[in-house]
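Submitted below is the structure of interest, expressed as structure tokens.
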Amino acid sequence: MLGQVITILWKDIQTELRTKEVITSVLVFALLVLVIFVFAFGIGESPVNEVTPGILWAALTFGGILGGNRIFAVEKENSRLEGLMLCPVDRAVIYWGKLAGNFVFMLFVAAVVTPVFLALFNLPLFLPALPPVILLAVAGFAAAGTLFAAVAINTRARDIMLPLLFLPVAVPVIVAAVEATGLVLAGRPWGEMLIWLQIMAAFDIIYLVASTLVFEFVIEE
Amino acid sequence: MAKSAPAPPDAAIEARGLTKVFGDRYALRGVDLSVGRGEHLVIFGPNGAGKTTLVKILATLVKPSSGDVWLDGSNLRARPELVRRKLSLVSHQTFLYDNLTVYENLRFYGRMYGIPDLERNIREVAARVQLETRLHQRAGTLSHGLQRRAAIARAVLHDPPILFLDEPEAGLDPRATSVVREILGSVNTGERTVIITTHNLERGLELGDRVVILHRGQVVFQAPRREVDAAGFRRVYDRCTGAGR
Amino acid sequence: MRNGKSAVRDSFLWGLGLLLMLAALYMVFAYVPTEKNTGIVQRIFYFHVPLAWVSFLAFFITFIFSILYLGKRAVKWDALAHASAEVGVIFTTLVLITGPIWAKPVWGIWWTWDARLTTSLVLWLIYLAYLLVRGLTAEPERGARFSAVIGIVGFIDVPIVFLTVNLWRTQHPTTIVFEGGLTAPMLATLLVCVTAFTVLYALLTWQSARLKTLEAEFRRLTMMQTEKEE
């Protein structure tokens, strides 16, 4: 089963590397969000304050949604999802395969956008406390986002449906990520961040389990 | 859910009372079907008769609204994932990834099916569909006919005992059609149970051991090939599906 | 099948509901004394809190029946989940309206990101997604399945949202605090209101679900009849 999850993951990485369309557009979009929010809040030269971590997470959230729409859209062409459904695997394997792809993809976007963000605000680039925050938050985005993407692609308003489903549910992750990032940027000790990490970890586990259980009901016809 | 009686052991496929509703429409209304091992069954029917829906239900892609299906003795309500190893489907959608090469596509599906000695099996199956020279070409750049052949390669890679062909010659130009015919002829030998749906009456009669006509979601005619008068079959077909209904 | 017994039972329940509502209204407007700190407007609290409680209950019921529907696929489970969600949306909308109506005269602000109000807002958005998914899916059976999934995974988020926002508020406290002490008459009034609204919810949901089940049955019979005629 793990082998098949990796097979799907690798197939998605390969296909994306061939065209690089989605990764480029999502990266550009996320960077645009960063810039626009700076203008929108008029904080060009201001020191880091409470709003700053929110800007990073706005960029990653909206970028994530843009990328999320593609997860299953690519499987609609040539009825590839049917091809996957014909394979002798549990439906949940398809969920985990696509989830892994989504997770890796968003991690990559975060890896590019975060240093840019830090540089824009003249923050130190080496912040060892930040990666765990990003990892846990992106895992939560991927867990819920992959499930909702599978639902959204089968509705009439497929592009708008994903953010409608995802954003309200993702509120705890966004709040926790922003709070934790704020603490990191302010140089606070690890202990203060712990509760936020725990919230994200709890969300991740709950949504991974729940999505694994209900996914088959979403893709069956 | 009621427990159903087990199917007769020698049927490769057994379907009883299959019904499928899409929204306000019945796609299938109580279809009963029995296909023996190694049998080649041809399903005829006009557009909208329910041929594709029937094939998709038998291939475990779609769940019926009611009714039961047994494939190789296993009821599909139980663990369909296990049964999937024994079947495959070729439809007019290729299930291929355009940006990957034919080889990479086959390797992907090969790994999903857990095929051992994958490299050799890919080369073998590529040879059978006469695509050895195109193995490292991106699937999206192939012509329709070549893509159809690649889809057939994908379908027989794991050597399934049951093969579904949903209008396998549709949308191909004459030359591509003749190549695909040749390939299907060589592929569908031996013990493989094959179910083919088609519009083409003459061609379909050549292919099958038994023929079925589906109309408006019901089986309206069923007979072994040898009992069917090829010349008069068109009249039979028109009568079963045409005027007066 | 409507028979005499069920019609009598229905009338009794509606009568009970009406009675409870009248009792609640009496208690809210006549019985309970005006709260000294916040004045007349405070009476809206007796609507706001029960509405919030019932909207949460409604989503919980949707959660339960969504699970049942995915398991058993009987139309009646889906009808109940759907009806409960619809009533829940209405009640949640009222929560979001009564909150500001109460807050503005008392504290001078329309909105505060207090944990309960924020959770109601998120709940409202998830409910709307539940209804939208159903409406925007081409095939009704699939739409029912999708909303069942939303009903399940949406609900499990609600406690997480509440805890997270609560924690967030303790990090960023404001001077607004909703809770005061509750005197005995206030508590009694509140309990009557909660009961009245719960009964109202149950009646609305039950009737709506029954209507939906009948509609589905009607569609099925019509479809069969059309098939026969062709």
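Which chain is which? They are A, B and C, in the order written, and residues in each are numbered from 1.
By definition in this document, a contact is a pair of C-beta atoms (placed from the backbone, for glycine too) under 8 Å apart; a residue touches a chain by one contact, two chains touch by 3 or more.
Fair warning: this is a prediction, and the values are worked out from it, not measured in the lab.
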item	value
Graph class of chain-chain contacts, one of line, ring, star, complete, other	complete
Innermost chain, where centres are averages of C-alpha coordinates	A
Whole-Å gap between the CA centroids of chain B and chain C	49
Averaged-CA centre spacing for the pair chain B and chain A, given as whole angstrom	39
Averaged-CA centre spacing for the pair chain C and chain A, given as whole angstrom	31
Contacts with 2+ other chains: residues of chain C	138
Multi-chain contact sites of chain A, meaning residues that touch two or more partners	220-221
Residue ranges of chain A in contact with chain B within the complex	3-4, 7-8, 11, 14-15, 18-19, 77-80, 82-90, 220-221
Of chain C, residues touching chain A in the complex	70, 122, 125-126, 128-129, 132-133, 136-138, 142, 145-146, 148-150, 152-154, 156-157, 160-161, 163-165, 167-168, 171
List of chain C residues in touch with chain B within their complex	138-141, 219, 223, 227, 230
Chain A partner contacts - residues on chain B that touch it in the complex	56, 59-63, 81-85, 87-89, 91, 93-100, 104, 108-109, 111-114, 138, 154
Residues of chain B defined as touching chain C within the complex	21-26, 29, 216, 245
